[in-house]
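Consider the two complexes below, in which subunit A is the common component and subunit B and subunit C are the respective partners.
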Partner chain A sequence: MTQVSLKAPAIRRLGGGTGPRQRVRGLSDRALAFYFVLPSLLLLLAINIFPLAWNIYLSFTNYRANMPGFPVRWVGDLNYARLLGSEDVWAAMQHTAHFVGWAMLIQVILGFGLAWLLNRKFKGAGLFITLIALPMMLSKAVVGTFWTYIFQPQSGIFNYIVNFFADVGEFTMLGNADLAPWALILVDTWMWTPFIMLIVLAGLRSVPQDLYEAAEVDGASSWRQFWTITVPMVLPFLMLAVLFRSIECFKLFDMVAELTSGGPGSATELANIFLKRQAFETWRTGYAAAFAVILFVTTFGAANIYVKFWTKVKER
Partner chain B sequence: MAEIGLDAITKSYNATVAVDDVSLRVGDGEFFVLLGPTGAGKTTTLRTIAGLEMPERGRVTIGGEDVTRAAPAERDVAFVFQQFSLYPHYTVYDNLAFPLRAPARRMAEAEIDRRVRKVAEQLHITPKLGNQATRLSGGEMQRVSIGRALVREPAVYLMDEPLSSLDAKLREGLRVELKHLQVDLGATILYVTHDQVEALTLADRIGVLHEGRLLQVDTPRQIYNDPDDAVVAYQLGAPAINFLPADALGLDTPGVASGAVRPEDVTLIAADAPADGSVPAVDATVTQVERLGPEDVAVFDWHGHTLRALLTPGQAISRGDVVALRFEPDKIMLFDARGRRVRRGADRNTAAGHGAGPMSQRADTGVRNAG
Partner chain C sequence: MVRRFAAVLAAGLFATVAVAGTTAEPARAQDKSLTLCWASWDPANALRQLSKDFTEETGIEMNYEFVPWTNYADRFLTVLNSQGDLCDLIIGDSQWLGIGAEFGHYVKLNDFFSEEEISMDRFLDAAVYNYATWPKGTDNYWALPAMGDAVGYVYRKDWFQRPEIRKSFEQEYGYELGVPKTWQELMDVAQFFQGRTIDGKKRYGIALYTERGSEGITMGVTNALYAWGFEYDDPNNDYRMDGYVNSDKAVEAVKFYKKLYECCTPPGHSNAYMTANLDAYKSGQVAMQMNFFAFFPGIHKNDRVGGDTSGYFVNPTHGDKPRASVLGGQGISVVKYSDKQDMALEYIKWFAQPEVQKRWWKLGGYSVHKAVVNAPWFKDSAPFASEFLTAMSTVRDFWQEPTYAQLLQSTQKRMHDYIVADKGTAKEALDNLITDWKFTFQSVGKY
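Up next is the complex of A and B:
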């Protein structure tokens, strides 16, 4: 008696636990599902997980990608220690912070302003929005390339326009260590303000009109309506746009590569440009891998904190 | 409190006339209900009074003062919206205090607090004062929304279907409370609804709007018993009044196109009951019986016409039965081809007494008169 009652569950467990009804030629539903997901799992492993793991491994070695025969040595946290003590790394991080901070501030103000203006009904509003959104649809490398022409000191239209309003004479935007960072911010703003505008516009349009009417009947001024209704309602949208844009700005590479390649000197050497120089110009692959890990952790961590904050704002 | 006056208000959107030459007077302390189907122009009328819309023609007065061109904030009106329209990022307390904190009011924070707490008490939402406005149930939200109007102690209250997004039980409860509040405060309320029950129970007077025109203004009892128009007759009463073409009723009064009889005036008589001669009866087939509890609604087919009757429950009838119905001749209301009421004057009593239809015999012995 005891033996039987003990064995019965064991036997059922051997059978897969799902019962005969759910089996298709010996495969349970779970197994079937697994086989369907397997190809994409393998692909993900091959092109995402493995490179990430390999990169983390390389960051602890002295590997050099241009010297295949060179003996690879485990160096422990040496790369990390060097990175954190390096002036160049801190400079690159500062350049990045300067770029992300100013670009976001300017784009948020302009994007919000544009959205605010375009939120009223007028003839051709749709066409207007499409035209404003055009730069966003171009390739970043192309934008970088043609802005180098726009910034040309002799023939570029940028110089001409600035001189039209203020007689400052010929100047080089990209060749000047003080101006070049601002050139990047300008181009990024030109290209990506529409993105923030579009998302804020969606936010503005989601605000129920009757809230404004209620406030109007209650005697609230336009200024009070803006701060008590518009801003809180649009904030979650705006924050989402800023999150997307900050991540993009943080990992910006192609546009800068075309515009300045980090120059003059290292004035516009953003983190990613620095990374590329370390990895593929000086060929310190292990060192660059360590920097990549640091960048990854920084972005990932910051984005996570931000999303937590955003969820809070959204649920208010 | 103050009275509201509308003089020949006209408002159109592009080609559609939403409000067509509407004149109306709501007395001080009166609960006035504008009743009409969707698109009748009720809300536009209300918004014109609030100043959220500008009429093309006409004049709006509040408390005798012409406010046609005044901004909403200058009119001393409170508006209660159908979708509550609470400020979502504020607590209940701050929502209630919001109108009082308008710079024009310059009210001391102590006075604001006193008023907010008083209104919260009146509406039984005191325990919810600290809650986020969006974390309330629909009924609580509408209480806050009504409270936001009450704190201001405005000259008039404008309410745009305030109860229609609540479920039936809540709607009933809040309806009773609202009426109590209005009586207690002596408030002037202009209330818009498409729900005839709300209109009949709340109103001191009802105005029926249809396609932008005000068809009739009267007390609930009068407007129910003595409608001027077929649309008005149809708007009030559930189940709706039965319309039958004049020839089906055997009416041959000149100018009469149809007759209408309320479901409660249709009575079921036993098929074998001896006809007493005074009341004509018809044979109709039962197509449906809805048992509502306190009463049954029976739907009949009579020569291709649909008839509804309110019956006392427990009648042993079911689908397919052929039964005898009768309606009191003097309960039949007559309408002309354009839907205007044709009233039977005493002088017409004999003129139409020779009809051929089943209920024409004494169809015109009615006691109604054109007054």
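Up next is the complex of A and C:
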């Protein structure tokens, strides 16, 4: 291995020296660093922080973006009170929770199972992984559009397959308020299980083989090896995948818009579909801003708790 | 070296900005072109064709921003609300007149009409009322009636004429198969065709509007509501809706539409609007389709279902109530934020000419100019021309209030919840609708 040693002047040039600070045209290293970071900071302020602050401000007003002359009034927590007392909001949150919960559960089971199978060495494993990963490379809107054809009761292949195994006759997945939420879960699972599979596969491949060898020497069964070695070692990877996917599921919009537009009725009106309707169809901007704040706080809070838990699991 | 590069880069940037700054204005001033915004559909292609004459006559190039119907309102209302100058001319939905007028998106055209001697008397009264005026029925004009339209029906004339089908129908229903004159007949005919095998294929009754996202189910169910004599509010007391919106006849109409949807539409027809209905009809799935007249020229020319294969009819009636058709169609307005208003007005002046209007009809657009629709040749000029006139004389529109979008979304939700998702009762759906509408009107101080 080649050893690299930096001499004092070189270290100073890199800003890590302890001697007198290097100055560029009268600027200290700290100031120079600040000016380098400044454009990014300004950009961040302009496109992230300012809109967030503005959104929070709007959430306390009766502002309507489609009524330029309409007087904007400070309404205090009225929008929040209305939101929390609205049956439609709670229904949208319930639909979202149903979708996120079931999608995550099914995807974790399937993703883990697929990863477990593909972790064995066999000819063509690489090709299998690539093929399985294809759906997640597609656009969600495209996926939503072509699944509407797959679910088409007369010509779609989904009905054909279901009827091949169970003769249930013509039925509609997207037009039935009980089935439509499951249609969303099915499509999301088809598209995103490979993502969980890939991350879990990375986790499985990072488990040192000598742990299994030592366990075998100690006479541990395959089942015990799975629970005491595989699961704890893969869990941080799996949790990370669940975190990413849960956030994605929570903010899902485009696929639902194409598949069901939130229908039948409001059966698949997830939080983001509801938000979009309030913001850009009914133009209740202040109200929608308040809902956006609630969604932000919910996801941010839940993600923070989850990350703390994940860190503990990782450090175990 | 780095400093020299930075200096050159800065000089280059400065020069670019300076040159752009000095040349932008003259370039814009010399730009003899207009952008016209509308929905992306058959009539828009006809208008593109028609407008070539305008370019030839005036040298003004026409550009187009055509957006699919499902995004049409979202897209253009966002542009107008942000005071964008994307559109110089806009063919906006009839319900946008309130927004366009009250929030200053549209140029008021009264003075221009007076100067150019463009009289609204030359257009059908219903078209002027619905496509041009705000407040409704006053002499304040914000648009020129551009495209007349209403909901009608297309049916498979060839199937209706087959002796074996006619015989079966008469045996089952006790009267001759023909164009439905009442809503009950419409349901009978739809029920008759539902699941029937014709030419070896399973067919269905009728393709109705059931779409959830934009305005589909509202444009569908209001056909039934109007036929049952629905009123939006007390005719003597604006915005008082109790007992009108949720009247017994309104409840009956909504129940009827749900029954029609459940008995007689193709499976999975739960989120269908214009294009889905067209597809269902053109592919031979259904015997009838509900759709706007705007699509009928395209159907007439279609290889599979065009010509004598299809016939056309207007909304049936119910009991002794007068016939009513859901209004489609739009007026053309000049956008206030355009810096080419003079050229845009020149286009409107050109478009209002009787000769241009005749050509507009011949290309597939629906003129509502009296010189066209009252001409002796008009009724025979297309198989749907006469029906179009009947429909236009009985049109009714949704709320045209500035808050129409909110009112519309409430209707979409309540109607879809009941009709498609089978949630609650018709009475509950209409009661909830009143609650939503009251809230909307209260929020702008109108209730």
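In this text, the second predicted complex is superposed on the first by the 293 of 316 C-alpha atoms of A that agree within 3 Å, B and C clash if a C-alpha of one lies under 4 Å from a C-alpha of the other, contacts with A are read in each partner's own complex, and residues count from 1 in each chain.
Please note the rule applied: a residue touches a chain if its C-beta (ideal position, glycine included) is under 8 Å from a C-beta of that chain, and two chains touch if they have at least 3 such contacts.
Note that the structure is a prediction, hence the values are computed from the model and not measured.
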Subunit B and subunit C placed together on subunit A: clash or fit? fit
Message: Just to be sure I read the superposition right, which of the two partners does A:S221 touch: subunit B = first, subunit C = second, or both, or neither?
response: first
Report for A:A65: first if it touches subunit B alone, second if subunit C alone, otherwise both or neither. second
- In the superposed arrangement, which partner chain does A:P232 touch: subunit B (first), subunit C (second), both, or neither? first
Note to self: Quick one: is A:F171 in contact with subunit B, with subunit C, with both, or with neither? Answer first, second, both or neither.
What the structure shows: second
- Message: Looking at A:D210, would you say it contacts subunit B, subunit C, both, or neither? Reply first, second, both or neither.
- Response: first
Across subunit A, the partner (subunit B or subunit C) reaching more residues is C
Min C-alpha distance subunit B to subunit C after superposition on A, in Å, is 50
Subunit A residues contacting subunit B in one complex and subunit C in the other none
Residue positions on subunit C within touch of subunit A in the complex are 73-74, 77-78, 81-83, 99, 102-104, 202, 211-213, 266-271, 285, 402, 405-406, 409-410, 413, 416-418, 420-423, 443-444
Note: in the complex, subunit A contacts subunit C through residues 62, 65-70, 88, 151-154, 170-172, 174-177, 257, 260-267, 277, 280-284
Interface with subunit A, subunit B side, in the complex: residues 50-52, 71-73, 77-79, 81, 83, 85, 87-90, 98-99, 102-105, 132, 148, 152
Contacts from subunit A onto subunit B in the complex sit at residues 208, 210-211, 213-221, 224, 228-229, 232-233, 316
